[in-house]
Every structure is written in C-alpha cells, then in structure tokens.
Amino acid sequence: MSRVGVFVCHCGENIAGTVDVAAVAQAALAMPGVVAALDYKYMCSDPGQTMLKKLIADERLDGVVVAACSPRMHEPTFRRTTLESGLNPFLCEMANLREHCSWVHDKGPATTAKAIDLVRLQVEKVKRNRALAPIRVPITKKALVLGGGIAGIQAALDIANAGNPVLLVERSPSIGGHMSQLSETFPTLDCSQCILTPRMVEVARHPQITLLTYAELEKLEGFIGNFRATIRRKARKIDESLCNGCGVCQQKCPVKKIPDAFNEGLANRSAIYVPFAQAVPNKPVIDVASCTFFKTSKCKACEKLCPTQAIRFDQEDKIEVHEVGALVLATGYRTMPVANFPEYGYGQLTDVIDGMKFERLASASGPTGGAIKRPSDGKAPQHVVFIACAGSRDRAKGVPYCSKICCMYTAKHAMLYRHKVHGGKATVFYMDVRAAGKSYDEFVRRAIEVDGVSYIRGRVSRVYEEDGQLVVKGVDTLLGGEPVEIRADMVVLATAVEAQDDAEKLAQTLHVSYDPYHFFAEAHPKLRPVETNTAGIFLAGACQAPRDIPETVAQASGAAAKVCGLFSQPELTREPVVAVVDRQAPPLFSSCTGCLLCKDACPYQAISEEAIKNRAGEVIKTVAQVNPGLCQGCGTCVALCRTKAIDLQGFSNQQLFAELMCI
Amino acid sequence: MESLQRKAQELLAAGTVKLVIGYGEGTGVRRRPIFVRTGDQAGSLVLDPACTQNLATYLTKAEVRALGRTALVATPSTLRSILQLAAERQVREENLLALVPLAGTIKELTTFADIEAMVATLPDEIARADQEMLTQLGAMSVVERRAFWEKELGRCVKCYACRAACPMCYCERCTMDNNRPQWVPVASHALGNLEYHVVRAMHLAGRCVRCGTCGAACPHGIPIHLLTFASEGSVRRQFGQPGGASSRPTYALATFKPDDKEDFIR
Amino acid sequence: MAEPFEPKLTAFVCNWCTYAGADLTGTSRIKYQANVRVIRLPCTGRIDFMMVLKAFARGSDGVIISGCHPNDCHYTSGNYHARRRWMVFRDLIDFVGIDLARVTFSWISAAEGAKWASLVNETTDRVRALGPYQEIGKLAAAGIE
Amino acid sequence: MVATMVDRLTLSDSAVDALVAALIRSGRRVLGPQLVRSQGQDRIDIAPLASFADLARDGQAVASAKGAVFPKVERLLHYRYAGKSIELADVEPASPPTVLFGVRPCEARAFAALQAVLNWDSEDKFFSHRLANTTVVAISCTEADASCFCTSVGSRPDDGQGSDILLCRLAHGGYLAKVATSRGQALVELGQGVFQALAAEPELAPAAALAPAFDAKTLPQKLAAHFDHPLWVEQSLRCLGCGACAFVCPTCACFSIEDEADSRQGQRLRTWDSCGLRLFTLHASGHNPRDRQSQRWRQRVYHKFAYYPDRFQTLGCVGCGKCSRACPVDMNLKQHLAEAARTLP
C-alpha cells in the first residue's frame, strides 16, 4: 500500500479565498493510499518546504502531492525539496488548485469539489509513479562546422576560441565562400576581402581548428554529444605537406582556358589552380576533368617543374571518420541562375548579368581590377539598369519569399557603378525597397540622393537586344503603370537567394527538417532559431534563410554559443521523461513486435532497431529501441504503439489509466 | 486447379519451397487451409470461388514458419497482406513466394516488387453486400447505429477468432492481453466488447486490406469486418494511403501532412 | 426532487500550449464553469484514443481535447500526428454510434487564456443542453449476470 | 437430476404451442433455439422464446445452452471503499426459473459433463443454483449434419439423458413426451390439459441416421499411449489458436477470474476462458507449458477424451459438433478423432 502525503497550499488568499482548503485536506486524508494530509499558508515558503520535508521523513512517504499552483510554476521547486528530503523527485506531483481552480471559479462547494477531484487525480497518479534517474549522456567535446563561408568561419572561431576543438569542413578548395567574391559590403562600403581575409588566416592558424577543405560530409550517425561523421577528402592530386604554394605549377600549366568559377566565368584559370590569390589554404588543386595528363596521360608539366615535388597524380580520395559532439550547418546559399529568366534573355544576352558577376567586375581583385567593363566588349557601360526582385517574391518562379539582401546590394551596386563610371546612368527597377537594418535606409537614400541613382517602382517585363543595345521594357507603377522603355548597355539582375542544390539531400543525411524551399528549418521559429529539430545540430547563415553578413555573423556566434553551452557540461543530463520499450522475460523478451511503424512517427529519429540475441549470439527478434539522448518525451510513439510496448516515463499508461479510473 | 497442383509439385520437387499453403476440401461445401509438403499431397489442392480465406495469416505463425520457405496460394487480398506484413517487417522476401491463379494459369511472384506490380493492376473493391451494409449504417442516425452495434456486439464472446484469423493481428502480445494497465476489460460484457472492437478497428486503420476474413471467422456472424472497413475507409478517403499497397512502410498514421484537412478542430 | 443536471467534462490537454493557456486563464482571472477535469499530457501526440473511450466509459458527459496550433507543437509534429488519429477516430466512433457532439477538439496556444475559458463554457453549456451521456457508461454493467 | 420412472405422454403441435405459452405466462425464462437471418446469413441462436412458432426445430444453434447455467460473464463479488475501509459484498446466486425448450438431446447431455468439473472437488454454488433452477425440454433430432457425431460418443439423436422432458416427433405430427424427472413433472402439471395420456403405441418419426465415425471406448487408451504422436502437430497446423471451439462448446468449463476496479470500488467477475488461447497457461515467469498451438490442440482433445474418462468415467464431449461448425478454419473434431482412432495403434 502506498504512503502518499498531500500538501494543500492556501497561497495566501489566492486558493484559500475560494477553495475550502481544510475540506480538501480532509477529503485527501480519506483517499486510499494517503497517510498524511495538511494545509498551509504558503507551501513554497521556507517553513512550508520544511513541513514537507519533515512529513516525508516522519511518515516515510513514498509519494507526494502538492496541491497548489501550476506545476509549470513550482514543480521544479517541490521536486527539489522532495529530493532534498531523500525521496526521488519524480515521486512528487502537483495538483493545480490555483490557475485551474481557485482563480477561475467562484467560491462554493462546486469549486471545492473540483479541487478535491484534482487532488484525487494526482494521488492516483503518484501511486503509480516510479523513481526515475536523470539520463546522462557523454559528450565528445569537438564540433564539426560544415561550410567555410563567413558563417562557418565565425562559428568555428568562436567555438575554438572557447577552447574546443573544431573540424571545419569546406567542399571547395578554399574557405571564404561567397563573401570572398564580394567587392565592397553595405552599408559601409568597406572591402569584403579586407575584412574577411584576416579571419580566414586566423582559422588556418588556429591550434584548435582542423581545416578540411576540398572535403564533403558523406554520412552522419549517432546523436547529440555522440556523432560519427564520415568525411570524404577529395584528392587534390598534390601533397599538401610539401606544397609551399609558390604558384609555378599554375603559371606553367598549358591548359589555361577554363572558365573561372570564382570570377563567375568572367576570367579563365588553369587546370591546376588555386581558386583565388588569398585562398586558404594556398594550395592548388588539379581539375582532373581539364588536366591534359588525365585526358591523354601526357604533359606532367607541373610535376616536372614543381620545386618541392608535391604533385601526386595517383592520389585517391580519402575517407575519414570523426567523432564529434555537435554540428553547425553553415552551408550557405546559391543564387537563381540567369538562365531561369526567359523574359531577360535566358542568360543568352552577355550583358545581362547577375549580382555576383557585378561583384567580380567591381572587385579590385576581379578580372577587370575593379573597373566596370561590360562582358560583351569590355566597354564601360553608360547606362546600367538594375532589376531588383529578379525571381524573389515571384510565385511563378517558385520563390514567394523575399531574398532580403537584394535591395541593399542593388543600391550598393548602383552606387559603386556611379562612383566608378563618371557620368554613367544607373536605373533601378524595384517592387519595394526593404532596407530594415542599422543605417540601411540611410544607405539607400544616399544612393538616390547623393549618387543620383534613379529608382523606378515597377517590374521589368522584358529585356532584349536591339542594334547592339539592351532594351528594357517595364512600367512605372508610381506613374499609374505608365510603360517605361530604357536603352541600356548593361543589365544587372538581383537574382533570388535560393538553398544550395543539394540542401535537401544533406538535410536527409543529417535528419534535419527543411522548409518547402529546402532551407534548413529551425527547431522553433521564435524561441529556437539556431537549433534544428535534431538535438546537437545547429544552424548558421543563409542555409536557413536569406541573410546578410551581419545577421549571418550574429547567428553564427549564436550557434557557437549553443555549442559551447553544450560542451561546457561534463555530460548531458536530461529529464528522464522519455519513452522506453518494454523488455521482459523469455520467451517473449519484449511485447514489441518490431513492426517499427513508430520509427516513422518519431519527430526526433530517436527510434532505431535493436536485435535481441540469445547466448549463442543469434538474433531472436528485432524490436524498437528508443535513444534516450534523442527522445524528447512527446509520447507520439506511445499512443501509436498497438501492443503498448512503448511507454512514456512520467506519463505512463499505468499513471494515466489510474487518473482516468478515478474521474 | 490442375495447373496449381502441377506448380505445387514442381516447386516441392525442385526444393524451391518446403511448403505450399493452399485450400483443400473441407466439411461439406467448406474449404479449409491445407499445408502441402510433398508432391503427392499436391493433388488435394483445390481452387474455386469458395477459396476466400486470407492465408497470409499463417506466414507469421511460428509453427508454420518452422517448416521453411513457403509458397502461398494468394487471392488479391492475400497479396496485399503480404505487402503490409513486409512493410511491418514480419515476412522476408526470401522466405516466401506467392501463387496467383490468373486466367487458368498460376502466376508465380517471387519478389515484393512483383507483388506490388501485380497488386497495382488488381481491382480493390469490397463485396457489394458489405458496401450496402456500410451505406445503410451510414444512413442511420447515430442512435440507431449505437443500437445496431449494441445488439450485434452483444453476441460477442471474445473468442478472438477475428483476431486469430486476421493477417495483421500478428502481435505476440495483443494489447487485449496486456494487463498493466488493463485498458480493455477482459470480460466480454458490453463495454469489454465495444472497446475491444473499437481498438481493433483503430489498430487496423491504414493497415487493413479489407479481406473480410475477420467477419467470416466470427462464429456468431457479427459483421465486425465492417468496423475495420470503416476505419480503413476513413484513412483512404482522407489520406489516400491504403493498407497493403506497398512493401515499404507507408502507414498513414505514422506520417502526416502539415495541411491535412479537417473541419472539426476549433 | 432531483437536482439539476451538471455535466461531467474530461479534458486531455498538452503541457506546452493548452495547459499553459489554461494557466493564463487563471492568471488573467477569467472565470469559467467548474465542470471540467483536466488531464495533463506532454503532447497531444501522447493522447491514446483509448483515453477518450475510457472517459466516456467512466461516465464523462463530454470530452475536450486540445493542444498546440499547427506549427506550434513543442515537439514539432506531435499535434500533426494527433490530428490524423482524431480524423480517423472521429469517423470510427461515429460509425459505432458515439455522439460526436460529445467530443470537442481545439487548438489553444499558451497565449489564448480567454479561448480556453470560452471553450470550456461553450462545451459545458452545450453538453448540459444535450443532457447526461450514459450510452457508453451504462455498458459497464451490461452483459454481466 | 434425480431420475424418476419415465412417464410417456403425447402432445399435439398446438398443445406444444400452448405449453410454451403457459411456461412464459408462469414467469419463467424460456430459452430456445431460433433461426436468425442477418446480413444474408442464417444462424441459430439460443434466445428467449416468444412462442413455439419461433423455435428452430432442426439444425444446431451456434452457441450452446450452457450460458443458461454458466454465463459468459458473471459477478462473484463486489466491494467499495468507505473512506479507507473496504465494504465487501458477496453476490448471492440468483437466477430466474428457466426452461431450455427444444434444445438438441446432445445439449441436454452436456450438463452432466459441466457438472462433473464445476462441482468436482467443491460445489460451485452459482452454477448449481442455476442448474437446479433450469428445466430441460429437448427435442430429438431427425436430421444430422457432417459435424454431428453423437453416435460416436455413446449417444443417439433421440437420447433422453439429461433431459427433464424429451420430445420425440411423431410420424404424423405431434410429439411423444418422455418425462424423466420431477422437474419435468412440474411442467406437465403446469401445462394442465396439454399433455395427453398415451392411447396406443405411437408411430415415431425416424430419428436422424448417423453412423458412428469411431469407437470412443478404445480412444482413451490410444490417446494415453500417444501423447507425443506427430498427429497432434499435423492436425493443428491450421489451427489459429482462437477460442471459438471452446466458447460454443456445451461442455467446456474453463473460466478466468477478472477483477475490475477503480479508486472507489471494484468487482470480481468470472468469464469464459479457453485452453486454446495462448495466455491460458502463461506463467508469471513468462514460461508457458503449452506455448505451441499443437500442445493446446492436443490438450483440448485429451481433456475431453482421456482426462475426463480417467477422472469422471465419462467423456467430456457430447458430439454436438458445434466446435467444428464454429471453427474459422474448419477444424472438424469428428474427422480428427476418427483419424486418431484409425491411425493410432
């Protein structure tokens, strides 16, 4: 027989003013299994808690019901007190006599009757409570940051500076990401390279950071604190330990006409190449698809001329497995290809370019050394039309959302153009100007008012070529939709920001959820913006949604803080309110039939298969297994399970059944 | 029929299978499941419209499993049951093979993919009589329906023939037999009966292949199969994920769509 | 003379939205009728349909089921799973002759204290008007000799 | 049932009608087999009779009549909490005076087999009370089906054992009533003027012809010697392990005790159970001495045809064949027993 104690709190007048607390205590004392019941002015006060502790000891209670305020308010308090008195904290339940009773009903017998019922529910429940121990999960204090753009760089540095080892994985030959391609950055117009490069170098030099460029994540197993990441290190075909980055190989490489991705195809590179001058690491890669040796097994110019004999034609991809405790996803974005715009010439018109190309044209490190020359004939364009929202907020293009950064960089582009081509005319077509951000609107105003960029509110219906010039047809909605036609030398499209092509695939590999546009989804839109719904995996930057640099850096630091917070604990301790799969004596072993339908239902991928083996090691049956490190205790699987083979600690079938049997 | 007997002989002779489960002569006009393990037993295999029981039920029975690789004479429902059992990891592709009577010949299906392909071509309708009953019940007032089921289920004695005959009721420890807590009373009083049959119908929603074998099994002629038809029908109508369509888990109640449409949540 | 009928309501609510919402009703001192008894669960996904059946078997005249709005589930998708089950379960209990007017489903967020009060009041009034519901409860005694 | 000298009387069809009416008037619960047609299927239920016309005079009811004396669920006790103390109340057996009218002779014989177990080492007061309160009026069979085998278990389609009154059909309508017990006599007195004295030796309608399928006398020894015979595994391969056979069986007496309780009160119920169900012999340890269906099938056969004769010098089966008809996979007991008798040396 249970020995339950019931403690009825007056909460001053809050409860006692409406509920006959003495009657509740008296009724409680008459309930089967209740050996002690009392009422007191403030149970949460020191004297109240002391009474509770004393009675637990004196009456050797094995269950406690505190009838007071909402458990959401004081459950932790009273469970701690229970623990201090030597009783397992999970043998304490609360009946909500305040928020759910005294505050919402009038004084009277019906209210007191309800209060008694609420107590009875908890008494019946607590009789079935089990002593539970918090779940402890070890943590591998090493983070994996996926993506070496500014988001990844920032997150890696913050985590590393807190003293934790970091693995920074970047799939291209150098870190830096899109930011390294940018010319100047809004709203300050400081040079992107100048602020980024030091950070890149810091990463390379940081004792806590292991940099794996030209590498990709292939598989992720495990759970928070205990992931196993399988990483493919693509063969650079050079021995990085020998290469000193002198660059001779690039100069001597006979194949030089390969469109340079870093420069958005505005320049060429050689078959063996370093993506850009400030690349980190400054080590070349052989582009096997273009290299003469790999096509004809002749040449080997680089090998012959390499002063350190670092060339390794026979080098193979390497697979490495790393144990990490947390992940930060910083895989960034892509922009919508110009080819997606039939109305703007399918990308066939050489002088219709996207923002990224313009960045390279405007960049001092770019193919034109920063001079604005149009791609077709290298002439400085006299009139440039900038089209904002190229694809963004356009359901027809499958992008209903706002890409967020375009308004700002379009203003920046127009401004840079006006600075670089004196007398040049800049026209911007826009839907709305969204310049929310510190000194953002001022920046746009400056473009219009100081730099004389002309803004036309309206969409561009068509861009086509007519006798060597681009004709831009649009409307000016501020002039009542009056058609506008502009003859321009160059058109710059602020193309929509989209998720990476392989974002969906990666999300599935990592079991993180993603939105309809394949941006990774945060665990909670308001309260958990840098976490995913998979514990231990965090988000930074534009892989979650379009973001500008300051936001990205802020979020990266946020994600880093989450990781450091996780790593700051000796081990992971979690509330034991988790699902458990029944195990019992042979021959049944478990009432689980192993249909594993629960596996699909679990929002956290916490359920896996477990093979029950006999002494000979043969598999007798396969059953479900709940990983307590991943389970968050929602109980969806419990309600789904036909055989009741899964139960939820703290809200077990026995507990809930008992509650129901006394209503 | 001859072709079936011949096929069974071949398979057993070649050692492709150790067992052929089919239908044989039973009491009077009845047909009963038979377990053919040698060529000479194959002659007792019968094939006619009376052969309707869903034999997939036997695939999960330990005693039968122990006999080795099995060829199963399969009706369309049986094929669907095999797929659903596969989706729920209760049968292995390499352990079974389906024999489908098709236009006088016997089609041999060895892979789940084959079975899926075949099932996709087969009509998936319930008997007219059952359809009519469902329509009638649908037309009744909720009070009339309550009365109907109270009367029908009043005859239930919880012999569990329905559960035993159902291919999807393979659980070793049925929730009915789970007594901590005893959600559903063991006794076959009115409440125990109602709760049992509602639970069963819920558990089959999205998994039922609508073979009607449970109803046929009931010694007291209670049309319990209508209950699972109703819950399965609800799933099909609302989520379009029928039971027994695929060997991969596509259980409608283990998944969701954020825009699932209902009209009752305020 | 018999006293006027007061319905017995059982509510199954999730801890993070509706239970918190009902707490807010309290802190906002919004009054509602005292007929409801709340059973607290972590998530609507935890609500086993058997509980609803049991509530009626135990003589509840009405049942309230409430949790987080779509998209707000503390566990990201428990409420979506629950919704699917209810969609089927409603059809089924209607088919076996249980009066759907006795079951109320609702999404109530932690911010909707007033909604909880009005939900309880409306349900209580409706069920009071419908009268006692013993269709299932009476079965507990039926068929025993 | 104390057998008195058998009194032989006759009744016309209309007289039987009047008798049934009189029984109902007398406030007795009158149960009898009735044809029910639902969802296009015919079945015979044993249910309260409104008149003789409702009676199914041929064919076998799905369920047996045992429910009248051994209900599928009966309350043994209930208790309630008064504060912390428990008020326990024993349920006193109570049942209406009952007439089982027009049941088959095999059903009538079954009560002896039930009694053998239920009142074996101690008296089951619930069962006994109902039995004492029940009068059995059987009608002899003029038809038998492929599941019937009363003639194989030492009985006949017109066997009077266990009947208080046996009605045998006359060739040209009407019945010969064999009144065997005082309880039968009571009905005769109740139906004043309904029963006629026998004028001449009546011409009976021929009873159903049913050739014995096996010799039940030698069976017990054969079984005793072949407990581990593969036959049991073979026969039970298709058995699904449900309780249909046991729950329709007129002699199956297995039951389970179930407590139903909440925080305020509880009751103890006795419910039918079956040795065919896996949980029947499941131990708390998880061990199950009859874990395989073949073992459970064998138990069913042995219980009725080896252990019964051994303990009670009678068979635990009356050959009604209800189990075979009820079986979803057509386990035909008659065939299986014949096979055993034939193949076991």
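First chain written, first letter: the chains are A, B, C and D, and each begins at residue 1.
What we mean here is this: contacts are C-beta pairs under 8 Å (C-beta built on N, C-alpha and C of every residue); 3 or more make two chains touch, one makes a residue touch a chain.
Bear in mind the structure is a predicted one, so any value in this text is a computation, not a measurement.
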Pair of chains joined by more contacts [C-beta pairs], C-D or A-D: A-D
Identity of the chain that, by mean CA position, is farthest from chain A: D
Averaged-CA centre spacing for the pair chain D and chain A, given as whole angstrom: 71
Between chain D and chain C, distance of the C-alpha-averaged centres to the nearest whole Å: 46
Separation of chain B from chain C, taking each centre as the mean of its C-alpha atoms, in whole Å: 34
Centroid spacing, where centroids are CA-atom means, of chain A and chain C in whole angstrom: 36
Multi-partner residues of chain A (at least 2 other chains): 588, 601, 640, 653, 657-658, 661
Multi-partner residues of chain C (each touching 2 or more other chains): 48-49, 54, 58, 71, 77, 81, 85, 143-144
Multi-chain contact sites of chain D, meaning residues that touch two or more partners: 72-73, 262, 269
Graph class of chain-chain contacts, one of line, ring, star, complete, other: complete
Footprint of chain D on chain B - complex, ascending: 26-28, 30-35, 53, 57-58, 61-64, 129, 133, 155, 157-161, 163-165, 177, 185-189, 192, 213, 216-217, 219-221, 223
Residue ranges of chain D in contact with chain A within the complex: 81, 83-84, 261-264, 285-288, 291
In the complex with chain C, residue positions of chain B that touch it: 137, 142-150, 154, 183-184, 187-195, 197-199, 201-202, 205-206, 227, 230-231, 233-235, 238-239, 252-258, 260, 262, 264-266
Touch list for chain B against partner chain A, complex: 88-90, 170-175, 178, 180-181, 183, 203, 249, 251, 253-255
Chain C partner contacts - residues on chain D that touch it in the complex: 71-75, 95, 262, 269
